[in-house]
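The next part holds the structures, each set out as structure tokens.
Note that chain A is present in both complexes that follow, paired respectively with chain B and with chain C.
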Partner chain A sequence: MSLAQMLKIELFKIKRFDFYLFAGLYLFLIVAIPIGINAVFKQVLDGSNTLGFMHSVSIKLMLFGVIVAQAREYSNDVNRKKILNGYNRDDLFIAQLIIVGIYTLTILLLSLLAMPAIALALGGFSIYAQTPSFWILGLVLSNLSWGVFATFLINIFKRPLWAVLAFLGYVFIEFIFKILGQFQEEKHGWNLLIYFSPMELFNRLNTFENLTLGLLLTIVGYVLVFQLVSLFILKRRDF
Partner chain B sequence: MKRTITLILIFTLAFFGLSYFGWKSFEKKADIQRTETYNQNVREKINQLLVDRQIPEVGQGDALVLNVWATWCGPCIGEISELNLIAKEYKDAPVRFLAFSNETMQVWEVFQNRRPEFRFDYELLFEADEIISFLSSLDLENNGHSIPIHLLINSDGTLEKVITGASEATILQIRSFLEPINQKTASIE
Partner chain C sequence: MQEIIRTNQLTKRYGSQLALDGLDFTLIKGQVLGVIGPNGSGKTTLFSVLLGLRKATSGNFSVLGSENPEQVRNQTGVILDQGNFYRNISARNNLTISAMTKGVNLDRVDALLETVGLGQAGNKKFKNFSYGMKKRLEVADALLGEPEFIIMDEPTNGLDPEGILFIRDLIFRLKEGGKTIMLSSHYLDEVEKVCTDFLILKNGKKIFQGNKADVKDNFESLESVFTTKL
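Now for the complex of A and B:
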């Protein structure tokens, strides 16, 4: 099956309630909350706060959105039927990557749409004066990596509930790593545990702050490993 | 299979390339910001902000050791005895020790009534929101999100170092900043 055909099929498949909920909720949260804070607490948020909030919301919705979307393929024998209808197992993996791409693109477009709306509501485009132009690149890369991570989770656990529980479990482990890492940093001046905290590293891609070449290579390593493991599972799994 | 592996590799390489580009752009911007921050005359700006406040303005040639603190901040209170020793040691040197808090004078008085033995030998300024917000902007690492913050200003008014947190290392860094001033004063005498 060609890439164009798969893209067409995946685009057709997004016309459903969970995708509309994902997009609608994202747009609503990133616009309503900064404006609400501004109106209720009389606290003017600056551009970096607003965009930081946009990123925090986007990665959570990306994770849950992709998990829900990919989990559908595991229910009602969809993957088995796909293989019977001419997909090969590699195509299943490429289709998953296409879903991640579509969700990331949606996040990007909605963020670009929301930015002027927020600026006008908060008093002008000058709130973004301190925002570097590569911010948007950070948003895309961070969401792509979270999407690949979500795909990896759903391929391992098949059911969305287990994938979300695994995510929450690892959030807890990363929290412990973070605290231990801070102690390590204070004592020795370096923090090795950060290399075992993929989610924290993916988040750092948003602003590119606190990154080194080693950490960047680690992030790329995680993205590669998550993809290869997903491919391996799809190749071996009995659907 | 070959197509999939090629796709994964292209995706990963593109991901790395874009991340690297973003990271380098960030580093470049941070370098420019750091240079601008460290080259500006902090003393001049502080003097502007000290107009009509209880603390007299800082004279030309005076180095500065600044502290951002609060009475509710345990680590800030914990290090003050050490800071007092340094301030006492450099009492006659061309260096000023200033501490800023955004709390009111009443809060400070209540705190002193509770702990009468406590004293802070820096020149204290309360309700110093404007100065604190300026000093926080110099803290490029933590954006002024945590206190205590120590700022060391050279005698030419430029920023030497921003140190966040209270620890033995902080005291050592303040001492090593002041050491040349000490030697200079000794040689003049």
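Now for the complex of A and C:
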């Protein structure tokens, strides 16, 4: 199948309630909460706080949105139908990447739409004066990485509930590591494990804060591992 | 005579369980081959391997002259048990997605919905369909690409008499149109009515292959082949 054909199909399928909910919820949260805090607590958030919040909301919705979208292909053996209708196993992998791309693009467009609205409500565009360089690029790369991770989870577990539980399990383990790390020096033991954990590094992409070339390569390595495992599963799985 | 399917020592193993055991058979253009056998005899596994959904453990096969089923997808139609459609999408949109995948003109979607008697139910979500409606949608999907060769796994299973007559009529029409069909069923009388040839499997092995004349010459009926051989 051609890439254009697959893109057309994914765009046709996206017109669904869960996608509108994902997009609507994201837009509502990133606009309403900073403006609400400003109005209720009379506390003016600066640009980096607002954008940091935007990033934090985006990656969480990205994870759950992509898990739901990718899981749909596994429900009722739809992937089997796709193979029978002309997809090969590489196409299934590419179609998954297209879904991640569409969700990331949606996050980007909604963020760009929300930024002026928030600025106008909070006192002008000057609030973004301290915005880190390449913030938009960071938002895109960070969300792409989270989307790839969500896809990896759904390829392993097939069902959304299991994928979400696995993610929450991971978050819990990370939390325990963080607690254990409090009793150690900063760059030792548990702290070091947290420092190199994929989620921690994906989040840092947002501002490129303290990202050395080595850490960037580590992130690329994580993304490649998640992708290759997904491809391997799709190539080997009986449908 | 054009061979549609040829298998050579086709074997599929799930762990220690042998689902297909060195299966050899051929299917010739225009035949309607009924694959019959008890539960666990390997019918569905055979279809899955021929369709490229499962990989054979050993042996080889060709479908429409190709050893890779993916290369002949647009000439192959498949009717599986209940239809693997998106549950929360309407029948029309599900069929549209299939048409886009197969590269078929989207005008065929509504025409086929009418053909299978789902013209009025096109906007209904798949999850709200009855079993018979799901089967009809599966038929429409299989016929979208005007395939040369059609595989039907238990096509009449669970259908009411009207549904059974619909499938029977469909098979006759496809046969008249020169299509080649391979179907599995537990209903021997139904298989006897619509099929020209028969393949009986037991524990993944072929125990009989022949046409109606072979059955008539050597046995009282298809049922007696079944009971004698198994």
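One rule holds for everything that comes next: the second predicted complex is superposed on the first by the 217 of 239 C-alpha atoms of A that agree within 3 Å, B and C clash if a C-alpha of one lies under 4 Å from a C-alpha of the other, contacts with A are read in each partner's own complex, and residues count from 1 in each chain.
Assume a contact is a pair of C-beta atoms (placed from the backbone, for glycine too) under 8 Å apart; a residue touches a chain by one contact, two chains touch by 3 or more.
All of these numbers come straight from a predicted model, not from anything done at the bench.
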So in the superposed three-chain picture, is A:Phe208 touching just chain B, just chain C, both, or none of them (first/second/both/neither)? first
Examine A:Ile35 and indicate which partner it touches, taking first as chain B and second as chain C; both and neither are also allowed. neither
Identify the partner contact of A:Leu84: answer first if only chain B is touched, second if only chain C is, both if each is, neither if none is. second
Check the residue A:Phe12 against both partner chains and state whether it touches chain B (first), chain C (second), both, or neither. second
After superposition on the shared chain, which partner residues are touched by A:Leu144: those of chain B (first), chain C (second), both, or neither? first
Doubly contacted residues of chain A, that is, touched by chain B and again by chain C: none
Touching chain B in the complex: which residues of chain A? 90, 93-94, 97, 132, 134, 137-138, 140-141, 144-145, 186, 205, 207-209, 211, 213, 216-217, 219-220, 223-224, 227-228, 231
Within the complex, which stretch of chain A touches chain C? 1, 5, 8-9, 12-13, 16-17, 72, 75-78, 80-88, 238-239
Give the list of chain C residues in touch with chain A in this complex. 48, 51-55, 70, 73-74, 76, 78, 80, 83-89, 93, 96-98, 100-103, 141
Residue ranges of chain B in contact with chain A within the complex: 1, 3-4, 7-8, 11-12, 15-16, 18-23, 25-27, 29, 167
